Structures are given as structure tokens and as C-alpha cells.
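Note sheet for the following structure.
To keep things simple, chains are lettered A, B, C and D as they appear, and every chain counts its residues starting from 1.
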Amino acid sequence: MSIDRRQTLAGLAGTLALPLLGRSAFAQGAGTFRIGALNPVTGSGSPYGTGMQKMILAAAEMVNAAGGAGGRMFEVFAEDTQTNPQAAVLAAKKLIEINKVQAILGTWASGVSLAVIPLTNDAGAILMHTSGAPALSVAPSNAKGLGYRFQATNDRFGRAFAEIAQKEGFKRPATMAFNNASGIGNTEGFRKAWEAKGGKVLEAVVYEPNQPSYRAELQKVLAAKPDVIVTGSYLADTTIILREWFQTGDATRWIIPGWAANPDLVKALGPDVTEGLFSVDSISNEEAPSFQMYDAAYRKAVGQPGLSNVYGAMTWDMVVTLALAMEAAGPGADVAAINAKMRDVANPGGTKVYSFAEGKAALKAGKINYEGASSILDFDAAGDVTPDFGVSVISKGKIERRYVTKI
Amino acid sequence: MDAYLIAIAIVTGIYVLMALGLNLQYGLTGLINFGHVGFFCVGAYAAAILASRGWPAAATFPIAAAVAVAAAWPLGLVSLRLRDDYFAIVSLGFSEVVRLVATSERWLTNGVQGIAGIPRLFADLSGTTQALAVLALLLVLNGLAILAMRRIVASPFGRMIEAIRDNEEAVRALGKDPARFKIQVLMLGAALAGVSGAVYAHYIGFIAPEQFVPLVTFQIWMAIVMGGVGRVSGALVGSGLLMLFLEGSRFLRDLLPFVSEVEMASVRIGVVGLALILFTLYRPQGLMGDFTRR
Amino acid sequence: MTDLLELAIAGLMSGLVIGLAALAVTLVFGIARFANAATGDTMTLGAYATLGGTAATGSLIAGGAIGILAGAAAGVIAYATVFRKLERRSPVAALLASIGVGFVIRAGLGLVYGHGQQVFQLPLVRPWRVWGIRIQPTDLEIAAAALATLAAVFLILHATPIGRQMRAVADDPDLARVSGIAPRRVMIALWALAGGVAAVAGCLLGIKTVVAPEMGWDMLLPAFAAAILGGIGHPVGAVVAGVLLGIAQETATPWVGFTYKIALSFAVLLLVLLVRPRGLFGRIEGVR
Amino acid sequence: MTLVLSGLTKAYGGLRVVDNVSLSVPSDGLVGVIGPNGAGKSTLFSLATGFLAADSGTVSFDGRDLTAVAATGRARAGMVRTFQVPREFTHLTVRENLMAAAPGQAGEGLLAVFFRPGAIAAEERAIAARADETLAFLRLDAVAATPAGRLSGGQKKLLELGRALMTGARLILLDEPFAGVNPVLIEELSARIRDLADRGVGFLIIEHDLRALTRLVSTLHVMDRGRLIASGAPAAVLAEPAVRDAYLGGAAA
């Protein structure tokens, strides 16, 4: 981890309320641009956080190896949000105040991003996050336009679910949601989109985490006799629910977000239970060369295929996009100037590029359009991307991609 | 740098306010309140809901305190006549019920989506000045709480609650009803937690039910156990130590490079556990000494 | 009606697990006289040990035995290192220390096994239908395991010398000391028994759900509620109360929904305590 | 007649710990209860003072039926008990222990603490004066500022008596006041009790120390296995064969 030892000790001294080191120790080095990797390394985001952080570090190294962006090298400071707003606020304060970062990358849960974004706004820093809550797109959270969302909003997920349910010919959907912002966001988004298509959701069950059993919840949803159940759920609860569902002998189909319907789920439940499940994910831009680079980096850093962590691809893209915007803004540009270039380097209208080095070269010739590893990465006015959604079906214990749906 | 220290100081101040309340309840009266976070939650939501509707902070603070007190009153009425350890569990259950209400009643609390964009205190100030103003407010609030605590300890009321802590049966034998005093103490501690919650809501700017889990209660318990039960200085020192535990682990990681980030979460909780064990075993009086003599 | 019956069955199964956890809580409370908050994490330890044991031996039964041993060992170690030294101190000191013990156990499990979930790979079978009600073979097995544990505990308490001594200490510690019962032996037996019971509860919970470091801690609150509802220190009461709470929670869901069902156990607890301050089965205690 | 217990009964399971006990204590009377361990003496106290609810029987004090009144209410009515194992307020000083016992203090109201400091200060001065008087009377003035937890067993017994006096009780129920008290102090304590009786305070005393008790009380009741087996003047009661068998025989064995 490329953390400057002196900074760290200074930080420790800071916590001990012994600001022994003078202000000069924190002065911005001329040739560096400091960014914070603020990820859910522990807490409920822990399955993704470490990979996200490692991809920020790997991408920063890659940018530096290519000669830096806008004449500056990245210096990365890594922190853990603990997937907890209060811990995240303190971590963000530390990143902004002690480490003097000018951008914070990779916050994950909506609660965390909502708590951190007022701080980055105040500091005039950029926040790039992977949270789904619609509130992050608009004022007050994104009043300054410094926030960028690399993940589909929960609403968009819901729209994708509705597209898929329609395409697969389901007529009588019901939903089950884990009672948190993301879980309910998914199923509510689905309901809105489905009703817009003239359909009706037969039953919408919201359940609490950490229960010894979900049979009552299942019974209620199955009583409506749906032909498909759409969930906004996580791995542990999905495991328990599907096991109990299988044991009821029921034959309803399931559409489940990809972060829950993943290889771990298949491993936990076996091929019989998971046969025919739909797994939906905002997909990485897998055909693109950018994804190949990310995949190689992920395999090298984490030892798993890049597909296993879509958020890793997003944090990779965060660094590359930021670097390209810095390059486009030119040497010594301030954050506002860099921020103004974000859409210029990512949205359609220029030469398609797939890596920082490629983009840096192409920028000399004119406009570029970075096609990311996580999506084609086009930001709308609110700073949100609209990725494509991949639909996989689990068959004989294998998760097989069937098609890609665009919304 | 400065702003980070100020942020730490602000969060510590929020904890101190809660710890003072718990210290009054457990340290002075012997009430085993395991539901402290419930009052904190009630105060935070009261302030957040009102502030979001445009109420000024001058109004949200007293109302946060009042709502927390109003929540404490029925809890005290039904459960303070129970055995001490029963009250511990019932109060723990109470705080969970509060969290469930915040989760369920979406019309009021926006459910699990939480309340975002809670107006900040001293919004017309900016940057470090604003943070310093919040810190100053906390210092004033804590100062007032400590003064009130002093006044209570020196009063016949304080003598009676300490008598209850020492021997409740004997108090009843003298014809005084311990429950009456315990309810008042519960309400007073709840008021402090409620105000603390209001500061928290205004400061963090975003609250959701998942922030109000029982772990927060146990952190406050750890603070007063480490600092010294029954002493105002114990609440101060203990809260400081607690923040050192919670925030220090950020820096500890660099000193223990062989511990991965994921392992750090386990190390953190293990250190908290060990501290609880070692303090109860070897230093039950906490760092600031025995409560026998104030 | 069928629906309600199936809800009741679901509640019964959850209730058995809660009841076993409450049994572990109430055993310690009855004899060592404090609420042991490490019970939840001892459950988790039992679940992980059973997983490891099953993987090593290839048999769930042998794995379960290893889990029970691990739980018992954890109980005895916790007693020897921490709770023995707190015997003459207030119940609050022991309670706080037990929270610490729980945290330490959880930290250890997190360090060794990580935070990802693990599962018991058991064959999943479809249910039988009896008069239109779905009966799941797995339920019967879990229930059998729970009942066997209960039978073993009651056998130990009522038919062995050490069990009788434990009950004597529970009834009157001072009198028991006077009558020459060695408290140390009784306490070691108690902690082994309570740890073993908690391990079984954790193992059954792990089979029903998934094994993760937080799993037991999440069950602590319902277990405490059941132990108090049953009349603290009363083994039968704890199990019956656990089952009652489980059934009440699940069968109430059509009316109160899935969030407030968790609150229901506290509502029931409060109501019962208002009417019977000593719990359902609690003995009346004199002024000591 | 001040305190009248009539037909008090308390059973645990099938065991009748107190079985149909009736007795009375006159307003300035000194009444003793003796009996072997487990005879039900302390339970009788708890029934009389409302710390336990009787299965049947009534308690009246000054002609008022207190059977349905809780312990605090009975104490406020003027009958105050002490405990077999002293229950001092460990961390309070001896003087504070006594001051805490004074009834009807305005300073025990939370609002008054903050809004009527002057009135409270005056009240405190009065209570402190009364506490110091009582301490002097009980010869405890030397330890007035000592935390009560550090007192000897005998001093704690005196402290409990002092607290009962501070409440203005007209009947004091003493549970083994002489246990663990050295003989010199027993004489002292007996003298104080006699003084108080002369001033019109009634006493009901449970005691093991027969000699001290018989010299103190005017009426003696003997309990065995929950029942009253003898009542009357001490000398006469002790001479009864049933008492010798049950109590003295039991004690000898």
C-alpha cells in the first residue's frame, strides 16, 4: 500500500491530540494529486471493499507509470468506511484535512455516500461513489455537481428487472426486499417500472435481517401465487430464503440482483435449488479492452476474476476518468477545472479510448470518449451513468449470461 | 489537520453527553440502562424531522430532549419496578423497538432510506469556524450538564439516588419509593441522550435506523467503565479513550502492516472486548478512581 | 387455518433454537447469578466448530460432538479466566465482562474464518404433506436434535450427582456450601453444560441459516427475552418461553407485519412481567 | 395497641413458613420474638412490613388496616424495620445515611433542586442538626463523616436504628439488633432502646441473644416451625416445657 509513512505517523500524532508536526509537513507536493480511497473494507460492504481499494491503488499506479495525469502523479490514501456513516464521516474528515485529498473515490452504501458528500462539497472535492440512492443525484447532495455515480441507481435496477420480467413472459410478479435503502430501492423501482408497463405487483414483502427463519415472509409472498419473485436482497438472506423456499416444494421463478445471486450462492445451495434463477447485474463492459486491463489487474491483485466484483471495475474507472479529466484540464488545473472536463472525456462525441495511456495520447489530437471497464461510462446531467444490465440464468450450478438488456 | 481534530472532538463531545446521562443512571443510581441508544435515536429523529421542516435549532434541541424524556417516562413506569437485571434486558428491548419504529414508520422517518440533508448548525458560518461553533456549543451543553450533575449530587435528591444505588430495599424500608426517583433519573439521562442525538443529527447530516444499534449503547458503557463509574471526570476520560480506540485503529493499521483491513474489524472488536474484560477484572474503579468519594 | 398452522410450525422451529439459547442463559443465571452475554458468541463458536468437525470427519454427528466439546471448552475457559474472579462481585461486573468475552470470541472467529458466510452442505429435500400441511423432514431432524439436547440436560440435572448439586446451588448457594458441595466442581460442570447447550443452539441455527461471525450475537436478545419470560433460572421455563415467543412472533405476522414481529417478543415480555414479575415459571423469592 | 398482626400466614409450596400468627405491640411496648433458625421470624417481619405479601391474615397499625398497603406506605405510616444483615448506604457517610432517612424532604424533588436552592439549604440545615442529635444519642458522632461501609457490624446496627429514628417512626422492628455486636455495645444499645420506649416508641425485636432480649422486653413470643407456641412475660415463657423442648432443646442440639 503506497501510504506515506510520515503522513501516517503525523496522523497518529493527530489522533493523540499532539499536533507536533508543523503545517509544512502537510503541504501539497508540487507534482502530486492526492486522492482518497474510501471503501467499505469492513461491515456489510466487506465482500467488495478490499477489491475496490486495491483497484484504486492499481489504477493509480498504472496512471503514474504512464507519466501521470496533467503532469501530476497520484498519491492514494486508503481508508475504511466500516460501511457505517459515522465512521465514514470521520474517515473523510481525516482524508480531507490531514491528507489534503482533492477527490474521494469508492464510497459504497447509500447511507455512507449521503453522509460523506456534504463534506466533499464543502471542501470543493470530487466524490465518486457506487451508491444507488436517487437522492444522491439531486440537491442538496449534488448541488455543486461534484458527485459522480458509477453504479446504476436503484430505480434503474428496478427498470431493468421490469424489462427482464416482461421479456421472459412473466405476468404475476411479487417482490421481496431486505429492509434497507438499497433493497427497497430495487423492488420499489421495479414496481414503478412494472406499473408503468400496465402490470400489477401482487405482493411486496419487506423483511428484516438476521432472522432465524424467513418462512412467514415466504408464505405471505407465495400465497399471492406469483409466477416470479423479484428480490432486493443480499447473499446471506438470499441463501436462507431460497433454501426455505426450495423446502416448501414451490416452483416459482426468481429474479435476483447479481450481488446476491453469485457463485457463493450457488456454492452454498447447490445446483438443484439454484436451477433456473435469473441473476441480474449492471454489467461491466466486458467486451471492451478496458475491461481486459481491469480484469488482469484484478486477477493480479485479488486472485479472482474481475467479474466477481463489479464495484472493482467501477473504482478502476473512477481513477482512469479522473486522470483523463486532469490530463484534459492541463497542468496545474484546480478541482473545478478538472470537474468541468469529466463529461468531455467520458461522454460520446470523441475518439473512443479504453485506457489512460491511450486517452492521454488521443487527447493531443482532440476530443476523447473513455469507454470504461464497468460500463460505457456516459454521465447524465446529474452525474449518473446508465450501465447495461446482464441477465444470467443459473443452470446446473453454472451462472450463464443469456443476454444484455439496455434501459 | 485542525478540522480533523475538531471533528474528533465534536464526536467525543457527543459521546460525553451520552456518557454523562448514563453515568447519572448507572454510576449514581445503579440503573442498568442497556437502551441508552434508544433515547439518542429518539432525539436525533426529533431534531432531524423538525429541522428538515425548517424549524430552527433553538427549537429542535429542547424538543429533542422533551421527546426523549417522553419516551423514557412510560418505559420507567412499567419497568422500573422490575428487578435490576430485568430492567437491563427490557431497556435493551426498548431501544430495539425504537429502531424498529424508525424503520417502519416511513411517513415520519422515511424508513430505511433515512433522513438526508439535515440542516447544519451555524450554517451561515463556514469551514473551520462553523466546526468550532459546533464544538463550542457542545462544550456549553456538556458544561451545563456537568453543572447540573454537580448540583444534583450535592442535593438531597442526589443523596437519595445514591442511597438507592447502595441499597434499594433499605430505601423502601424508610418509606421512600425508589421507583419515583429512578423514573426521574431515567428521564434526566434520556434528556441528555436526546440532546446528544440532536447534535449528532445536525452534525452528521444524515440519519438512518442502522446507525442506532445496541453496539452504540455498549460503547458508552465501555466509556464509563474505562473512565470510572460514578464520576464526571470518568465520563470525560472514558469517552476520550473510546474515541482513541475507535479512531486510533485507522492509524494502528499502519503500525501493524501484517493485519489486513478485513482483519482490522475483528481486531477492533477484540480490543474492545479485552478492554471490557481487563477493566472489570483489574480496574473496576476505572481510570479516574473509585466512586466512593467524589 | 393451514397457513396459520404452517406459521406456527415455522415459529416452533425458530422457538426451539431460541429456547435452547435461553436454556444456556438461564442455567448460568440460575447458578452463577448473572446474565451471560457471551452466550450468543458461544453459539457462533459451536456452529463454526461443528462445520470444521463435519468437514474433518465427514459426519455431521461427529462434527456436532466436536462443536459441543468446543462450546463446553469455551465455557470452562471463560469461567477459569474471567468469571471465577468475578464471583464475589456484582452481577453487572460479570455481565459487562461477559460482553467482553463475547467480543473476544467473535474477534477470534472473524480472524480465523473471515466475515464471509459459510453453510452446512446438507441435502435439501422437498416436504411431505400431511392433511395439506407441509411437514419438512429437516424440521423433524432439528426438532429431534433439540429435544435430545433437552433430554440430556434434564437427565444431567436430575439423575446425576453433579446435576443434583447444581440444582442445590441454584436453590440456595449458601446452604449448598454449608452442606459440603464443592462449588468449584459444580461451576466447572455448569459452564461446560451451558457452553455445550449454546453450541447445539448455534449449530442448529447454523443449519437453519448461514454461519457468520455475527449470527449468535443477533440471537442474544430473543434468548434473554425467553429466559426472563420463562422465569430466570428455570430450565423448563426458558425452553417453553422460547417456543412460545417463536410461535407468537410468526403467527402474529399476518397482523403486525415482518418488522414489528421482532418487537412483539418484547411486548409479550413486558406484559407478562407486569402480571407476573417473576416470569411464567419463576419462583417467588424472599427478601435476602 | 399500635401494631396488630392477626392470623398471618405464608406458605412456599406446601411449607407453611408462617402459620396463623397473631400478636400485637402496644404504642410504647417492648416486644420480643425468639425461635430457632428457620422458625419464620424474619418472614414474619417481612409480612408485617409489607416486604412480602401474606397469603392470609391482616396487619393494622394505629387502627388503620395496612394489609393492602405496600412496604413504603407502611413505613410512611410510622412502622419502620431494620434488617438482619445491615443494609447501610455503603458509599454515603454516616451522617448522610441518617439525613437520607428524614421524611418529606422538599430537596428530593428534582425541580426544587434547581429552582428553590434557598429553601433546600434551610431544610438541609435542619435535617443535619436532627441527624447530629440522633448520632450523639447513639454515640455515633465520632464516625459521622465516615463512609458507612467502613463501620463495624455493631455500628451498622446502630446506624440502622438511627435511620429508623430519623423517619420519626413510632414503631421500630429490629431484626437481630445484637448479632455481631460486642457485649459493651449491647448494653449501650439496650439502654438506648429503653430510652426510646420511654419516649413512646414501640419496638418489636427478633433476637437470638436470649439473655439480652429477656432483660429488655416486657413481652416475649416464641415461634417454632411457623407457629407461635408461647407468649407472655419472658420468665414465664421461658419456663414453659414446650418452649424448652422446641427452642432450647433445639438450640442445645
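The rule is simple: a contact is a pair of C-beta atoms (placed from the backbone, for glycine too) under 8 Å apart; a residue touches a chain by one contact, two chains touch by 3 or more.
Since we're looking at a predicted model, the values are computed, not measured.
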Please identify each chain that touches subunit A as well as subunit B.
C
Chain at maximum distance from subunit B, centres defined as averaged CA atoms:
D
Which one chain sits nearest the middle, judging by mean Cα positions?
B
Cα centre of subunit A to Cα centre of subunit C, whole Å, reads 39
Averaged-CA centre spacing for the pair subunit C and subunit B, given as whole angstrom:
30
For subunit A and subunit D, what's the span in angstrom between their mean Cα positions?
73
Multi-chain contact residues (two or more partners), subunit B:
100, 103, 169, 262, 265
Could you check subunit C for residues that touch two or more other chains and list them?
115, 259, 262, 287
Junction residues of subunit D - those touching two or more other chains:
51
Contact set on subunit A toward subunit C in their complex:
42, 46-47, 179, 205-208, 210-213, 215-217, 219-220, 223, 235-236, 239-240, 243, 246-249, 264, 268-270, 272-273
So, in the complex, the side of subunit A touching subunit B is made of residues 3, 5, 8, 10-12, 14-17, 19, 23, 26, 41-43, 46, 49-50, 53, 78-80, 82, 84-87, 89-91, 93-94, 96-98, 110-111, 114-115, 118, 122, 133, 135, 140-141, 179-181, 183-185, 208
Subunit B residues within the subunit A interface of the complex:
1-5, 7-8, 11, 100, 103, 111-114, 116-117, 120, 126-127, 204-206, 208, 210-211, 244, 246-248, 250-251, 254-255, 260-262, 264-265
The answer for subunit C against subunit B in the complex is residues 34-35, 82, 85-86, 89, 91-97, 99-111, 114-115, 213, 221, 224-225, 228, 232, 257, 259-260, 262-263, 265-266, 269-270, 273-274, 277, 287
Could you pull out which subunit B residues touch subunit D in their complex?
148, 151-152, 155-160, 162-163, 165-167, 169-177, 181, 184, 188, 291-293
